[in-house]
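As written, the chains take the letters A, B, C, D and E, and residue 1 is the first residue of each chain.
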Amino acid sequence: MSRSHFDSGEKVKKKLKIIGFLCNWCSYAGADLAGTSRLQYPADIRIIRVPCSGRMNPLLVLKCLQEGADGVLVSGCHPGDCHYQEGNYYVRRRMLILKNLLEYFGIDKRRFHMSWVSASEGAKWADVVKKVVEDVRDACEEEVKTAG
Amino acid sequence: MDMLILNKHELIDNIKSLFKDYEIVGPSQLDGKLYFRPVKSMDEVVWDFVNPVNNIKDFFFPPSQVLYELRQDRIKAFEPDTKKKRIILFAKSCDTRALNLLDKLFIGDYKDTSYTARRETTTIIGLSCLEPADRCFCISLGGGPFATKGMDVSISPVRKDKFLLHILTDKGKDIIAEQGTRPEREELSLTEALKQKAEEAIKRKINIPSDFFEKFDSDYWKGVSQACIKCGICTYLCPACHCFDIIDEGYFRIRCWDTCSSDTFTKMAAGEDHRKQKYKKYRQRIYHKFQYYKENFGEIACVGCGRCTTYCPVKMDIVEIVNNS
Amino acid sequence: MNKRILVIGGGIGGVQAGLDLAQMGIKVTLVEAKPSIGGRMAQLDKTFPTNDCSTCILSPKLYELASHPNVDIFSYSTLDKVDKKENGFQARIRKKARFVNEEKCTACGLCSEKCPVKIPDLFNKEITTTKCISIPYAQAVPAVYKIDKKHCLYFSKGKCGICQKVCTAGAIDYEQKDTIETIDFDAIIVAAGAEEYTPRIRPEYGFGIYDNVVTSIEYERILSASGPTGGHIIRPSDKTAPGSIAFIQCVGSRDISSGNYAYCSSYCCMQATKDAIITREHDQNACSTIFYIDIRAFGKDFDKFVDRAQSEYNVKYIKSRISEIIEKPKTKNLAIKYITPDGRINTKEFELVVLSVGIRIPDQIKELMTELGVKLSEYGFCPCDAFEPGITNVDGIYVCGTLMGPMDIPETVMSASAAASMAARGLLSPEISSEIIKEKPAEIAIEEKYLKIGVVVCHCGVNIGSVVDVPEVVKFAGSFRNVVFADELIYACSRDSIKYIIDKIKEHDLTRFIMASCSPRTHETLFKSALEEAGLNKYLMQMTNIRDQCSWVHQDNHEEATEKAKDLVCMAVGRSRYLQPLHELDSEVNKACLVIGGGIAGMMSALFIADNGFRAFLVEKDTELGGNLLKINYTLEEKNISWLLGKIRERVQEHPLIDVCLNTEIREIKGYVGNFTTNLTSGKEERNIEHGAVIVATGGREHETESYGYRDESYVVTQREFETMLLNKNPMLKYAHTVAMIQCVDSRESDKNYCSRVCCGEMVKNILQLKNDYPDKDVYVLYRDIRTYGMLEPYYTQARKTGALFFRYDIENKPVIQKEENGEFIITVYDEILRRYIKLRAQLIVLSVGIDPLETNDQLARMLKVPLNEDGFFHEAHVKLRPVDFATAGIFVSGLAHGPKYINESVSQAIAAASRALTIITKDKIRSEAHTAVINEVRCTGCGFCVDVCAYNAIEIDKEKNIAAVNTLMCKGCGSCAATCLSGAVDLSGFTNKQLIQEFQELFL
Amino acid sequence: MRNVYVPVPAKIIDIKIETRDVKTYRLVFEYDGFRDDFSFSAGQFVEFSVPAVGESTFCIASAPDDKGYIECSVKKVGKVTEAIHMLEVDNMVGIRGPYGNCFPIEDMKDKDVIFVGGGIGLAPLRSLIRQVLSGRENFKKITIIYGALSVQDLVYKDELEEWQKRADIKTVLTVDPGGETADWKGRIGFVPSVLEEVSPSGTNSIVITCGPPIMIKFVLLTLDKLGFAPEQILTTLEMKMKCGIGQCGRCNVGNIYVCKDGPVFTYSQIKEFIEEIN
Amino acid sequence: MIIKKIKTTAKDLLTDGSVSLIIGYGINGPGDVTPVFIKDPDDVEKLVWNDQCYYNLIRYLSDRDFIEQNNGSIGIIIKGCDQKSLKVLLSESQVNRDKIKVIGVTCKGLMDSDGNVLAKCEACDVVYPDKDFCDVIIGEEVKKKEKEKDFSDIDEIDSMDLPDRKKFWDNFFERCLRCYACRNICPLCYCKECIMDQHNPQWVLPSASVVGNRLFHIVRAYHLTGRCVDCGECERVCPIGMPLRKINRKIIKVVKERFDFESGKDQEQKSPLTRYRENDSEDFII
């Protein structure tokens, strides 16, 4: 771990390490479906399965960025679809605050994303990954540029 | 050793010439507050000031420093980069005296290499206090606004734009050019008058009661510590406080300041804590300074700079608390 | 206990019935003709009125069923013969040859990828093609491929055989034959479902003629993200996004011109509304128009859904029957000719037309029913008595779902649950526990062992191996601290491999195990059982998905895929170090159920609990059982309600297992699933009862209106009062030559914005009775929409035939009543056809006032910590799939407490609630989840945030210590509490902060 | 000049599972010079480093005569100990030390020596016991009283057995009531009461005790009853330490630093500050 | 006038035994206003009331050590702004309302050392504490000023370019000593073991460094979501002068705009993080 990782890498790496926290019931299943459908997307994402997106404490996201992840994605069921009734509603609020704070302190908001992907949205999952990877890469490049 | 009388511009020129070979640290404004911090030119340096927020211990015993990197296959020690020597400009007598206190600990039975290296490669130019602050009480602890202990060179004003330089060590000699004039009796007495005026301005005195040691178990401490919020301001801004923690951040082992007022200071892994209550923590700080340090090193670990009172979030006054104990 | 029930049909009805029975401890054999279970719900994109993703909510149920040890699924199977035997049946089940070995197929899909033959995709309604060897849809259960023999080159031409060549699992078996099993059953539940109407027989709709006319089910597939168009709404002719879409309602419903479809299919209005909303969500510019006769938004929260469609999604509703659809040759757009309410003919052009097709019973099911000896109605459905929904004329055969008549998902689920407890009667006993105890080796205490991790990387044939450099990953895995064993396997899920894994765990004294292979969603259970076999706690296994989420999605980049697989293994190693053995907690179950409310719902719930051999406490605050039914004399189907009610009351009161507590109020309910204690007070008497489940059947009440002068005028009455007048031949009727009925009084507007569902039927019932008794009297009906859904529609038609006149009014233009000096009423109403105000004269006005929730619901809801919806009715756990459950375990709802409904629906839901309660109280012990919230008492401050976010009421603040306490039995392990806690005092076992952190930290260290 | 905070690398050559939460690690220094020169006295401790986790203090449980290696017994309580428990043979760790004072073995000579230990508190005693046993002739009666929560929680089971077999030492083992197994042959009872039963003589004797605070508290009361003077009682204090060299300030009690001036104290020394640390 | 009433009230409460302790304002040795804790009715003369009484004394009500030491009934002198913190504490069941007597005092605004009215007082909307909330009210009733919340200071930072904003904050993070005065002075930071002090897992780098400090301040702010009442104590005590209110107010702004929530209004309020609306804004979600 580098002490400056949270401030982005020194140089833009060819491959990024983006951590995706996926809820077991929708997004993880959606990501599985992308696989079964053989949809191709960039290999920069590493998935961690959580029971519900509502399990996600903003601290986990922050810790992840601090440890050196280039970006973080949290993905859950669409509003109303939560397997645990309402977990995704709460996490939506928490992550909104987090996103605002990150941005306020000058962290590029493109490093942290949240998405709703249902079990039948394999294609959406592939698109989400593409977008997130692109965003994180842009954010990294921009930071290197401004850092000189 | 040597004494010199210099005009302000001569003094400035002398210091300016040092920028090339030295990193200069001096009192300088930042966001409306005064700090000792590295300066690029003399324009940044403030001449008339009381104690800045931080004190010069930061440059010997920094808030956090990497000690070494420890991996399965290697250990790599980190020593401070002392290739470029450092000059601390306009240190006040209280801060420099505190360094002498820290020396006893860090260059004692176990020599702290990074502290020692920084100490050896830093030259301290002190500046006398003309107008001490309301909360200063250095005299009662054996110091004074014009004291020179711990300085390599001391600067005292004679009159406007004219200074008396006292070169106290070889390190001091190295950085002050042969110039100016020798002080005359009149100039010395002018300085002496300023010194007396400054000393008179210090009204506060710490007065350790004779039964201070016996007071340890008194309920007094529970009462006076009530307002304390257990933050680290008094210890972190204190020039003589030196407690620290050793932690790992990734593979780096880091030494960082710690404070006896914190909840984690004496708490063990399993949760026991022999100094859990607030009054015990607060009492520890006072006794460590005024009793234990004296017993172990012969001196009280307080120099009377008044920072702890000034910056205390709830304005606990150490003088009052010790005096009334 | 060797009781076994046959469930015919693997749609949501069959699945629910199967699950309920299995959970009661009864063995279930489920036979499904299609290659996979899931039925029609699997084809839907979303569900109304919450727009939940259909697959998301269905899949867990399918997996749950498939993995339940009491359940055997025979997919792609048919019934050859069913014989009635003494105390049961014997069935011959034909398992048709798939030409793929179910045991060996890993569903890797390589065969399908390589298969050269394309055939129409039936699952996707032939909009697209699939391969000759295929699986219906990605999440299909069972995930086993099947060869379509008719199109297969191997079978037709004797050459090809590609699938066999590429299948590394050796699963292709061209020699496979149909197999036949003969099994004895105690009862049969037929949940065979229905099929959609094929509009080919109605050429005026242009279906099958014009490209851009599709059925609603085809449109569902087009909308589906995993459908043939990948979730892009495109029309068939030119694959462009249609900007204007017309939905045509009642195609094959309320229609006798093309067959016997006089009934209403019930769900199509809402389906069209839902599809129109989703369409708009996909494309902000798309405009949908729904051509309807009546908008039948009669369900809970349906009206609000329709309101939103209009106000937020720009969906237009046109009340009209369409006369013709004509295709514009160039654009392939469709011109719809329709009759406006005022009788003019209008034409409007659309880019896509969706026909909302109704349902009907297919011939093969009719044949099956005939074979079983079950009588069907003239429409092909299986009619049931109001008080015996699901019971057929054949003893031991029960029906549920759309076979009983058109219904949507929640009603199907309710009827399925109800069928379960009806079929289970006589098979259960409190002495026999329904929980499954599996013999397994004693568990090794890992605290006294070294931390040793084993890693197995699976090739999955070529699925992983051809993309990811498996040996490289194995080598990498072996380099980690604590990893003492790393190996690769071709198919880790094969029987031999599982045995190998067990051996290796024992040989190397492993205390953690990592499986790098496919998705834990499908295979975790299998590998977990291997750990159990080896004596390790099954939660010491960590799976990482290097197939579905790695090799399959990075096929073109072997290097990156390998790197990613290595990272994933690295993460799994990090996490596995912190895995701890977990144990489900057992708690004794009190084998009794409390039923709150002594109306028909409560009585039926209690009766079915007791009929199945379990104790029920029936608590009624009044002095007499019966509730609202005491005031109802007859219904459309049943002529003598009070006689039937009397019979039921008698049975309830005399049942030895039912403890009827009249004149009793509930003071307090404490406890949790399996262990409730309730304090009852009756006058000055007070007592505590103990029970394992609660059914809320408190009912509702007739709305008290102040509108239309009801308060002051004796000749303004409610439908219920009118019914009594008819029965008593009330002399007031003599003076009333003309009766005017006003529907939707106070309903479907501002503060009571829901439909009471039953008033239209009540109105029809009373018209028929009135006209029967007094044929000369005139009847006017002022209505907004006539909602005689399902099998009530023919009665409505009949009512119209009696000569009753129907006038539609608009909410903005409600009828106005004036009383003349002679006591007559003049009703002014705006007539849409004449486009002017008309005046009607009547001597008696009958108001349809609808149903209100009880005011006391709020108090009970707080006592039980269950929610109410905004109208004040109890809010079930899930509108579609858990219609009688609350989120809080062990508490169920039925009848009017849940929302307005007809008697037969209340009864069905009540029996369903009994069924759900039985799944709990049939067990000796109830088992908690393994992953549950854990409170660190040293850190907890008692702020109560966790309590507020727990959807299951599993956390309480211990008042004395002011810290939170988790009721492990109620906790479902979602982790919301852990994420909300600011002090880091709550953690979720199995997904602890440390485990999650270690998972990514290992990667960056 | 050597940086005092930098540990030297040591390799784990053996791990022994003592109980469900205690493991004993045998460490060998990597640098040849250090391996040969490292010497310590019983009672001293080392700072044990795990890369990327942190440092923790452990007394050396092996005897000064056990050349070539040292042993530390680690009870899993916190972050560092949890990480240590995940280490395996051949892993590298960092060691600083030895630090602190030691048991005054010279003062014990020609006296009765009584060891009273509880739980993991046997670890520092073990070092001394081994040393005393290797010069058995210099001491008079030797008594070892050791107890734990349960049979499972007794550490160094092999050595306990060995000591029990020896005729020249009296070894009394006990477990807390309820902690016994069916085949337990030792006593059942808390250490202080067993001590009272054994009732060693307070003349020309010295007691070394170590264990959980609650045990120490009652052992001291019992010893007082048995006529032991505070100077005759030695104990080793456990306290949160970081630097180990009397600088970081956290083990400061009164004018002493437990790490530097301790951890071995006589009861008469501790009496001065016992109030504060309890 | 006010001080006289404060003293007599305090004396009465102590004398009749309805409280055993009064927390109020007094003067320390060098003449600064400091919190005082009065048990003896004769000591009420130590109480003062002036424009330097900025301390939010509610802090002591959530100090476990303090409450353990003073387990009787406590009388506390509060300003209108302080009552908001008390309401939050009550809503989180951290204070036993029955064991405290709230003495509300009208506050005309506080001054900084240069004699300027504090920024938070400029925007004050609770000059006069709630009558039905306090047990005793001292001072004239002042009409409630309904003010539109002014977040122009926050908008100013929001409008900066990302790198500038980062620089702006990093300038402070470089100096932050992690003395935790901001945390410890906060009446709402009452955790038994702060997440910053937890080491297993270690959430945030514990030493003073830009990365760790930034994270600390993000977490601190997040933990005040829907709770911070903008009493400004953290900013006042920060030795390096970090504009902490600008962080807190950002959160207050977001919570107000997105969740339509204001903290400290009512003691029955539930944190916005434990509530939701189905149509909460989700413009940030893919």
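Throughout what follows, contacts are C-beta pairs under 8 Å (C-beta built on N, C-alpha and C of every residue); 3 or more make two chains touch, one makes a residue touch a chain.
Keep in mind it's a predicted model, so treat the numbers as computed, not measured.
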item: Furthest chain, CA centroid comparison against chain C; value: B
item: Among all chain pairs, the one with the most C-beta contacts; value: A-C
item: Chain nearest the overall C-alpha centroid of the shown protein atoms; value: A
item: Chain centre separation in whole Å, for chain D relative to chain B (CA means); value: 40
item: Chain C-chain E separation of Cα centroids, rounded to whole Å; value: 50
item: Chain B-chain E separation of Cα centroids, rounded to whole Å; value: 32
item: Interface hub residues of chain B, defined as touching at least two other chains; value: 245, 247, 249-251
item: Multi-chain contact sites of chain E, meaning residues that touch two or more partners; value: 193-195, 199-201, 203, 205, 209, 212, 273-274
item: Per-residue multi-chain contacts in chain D, two or more chains; value: 52, 78-79, 91
item: Complex interface listing, chain D residues touching chain E; value: 78-79, 82
item: Chain A residues touching chain C - in the complex, by the definition given at the top; value: 1, 5, 15, 17, 19, 21, 24-26, 28-29, 31-41, 43, 46-52, 54-57, 59-60, 63-64, 67-69, 77-78, 80-81, 83-87, 90-91, 94, 118-124, 126
item: Residues of chain D defined as touching chain B within the complex; value: 1-9, 49, 51-56, 77-81, 91-92, 94, 213, 238-240, 242-243, 245-250, 252-255, 260, 275-278
item: Of all residues in chain B, those that touch chain D in their complex; value: 67-68, 70-73, 75, 77, 79, 105-106, 109-114, 116, 217, 242-248, 250-251, 253, 255, 258, 260, 265-270, 272, 274-275, 280, 284, 288, 291-292, 295-296
item: Touch list for chain E against partner chain A, complex; value: 157-158, 162-170, 195, 201, 203-205, 209-212, 214-215, 217-219, 221-222, 225, 247, 250-251, 254-255, 258-259, 272-274, 276, 278, 280-282, 284-286
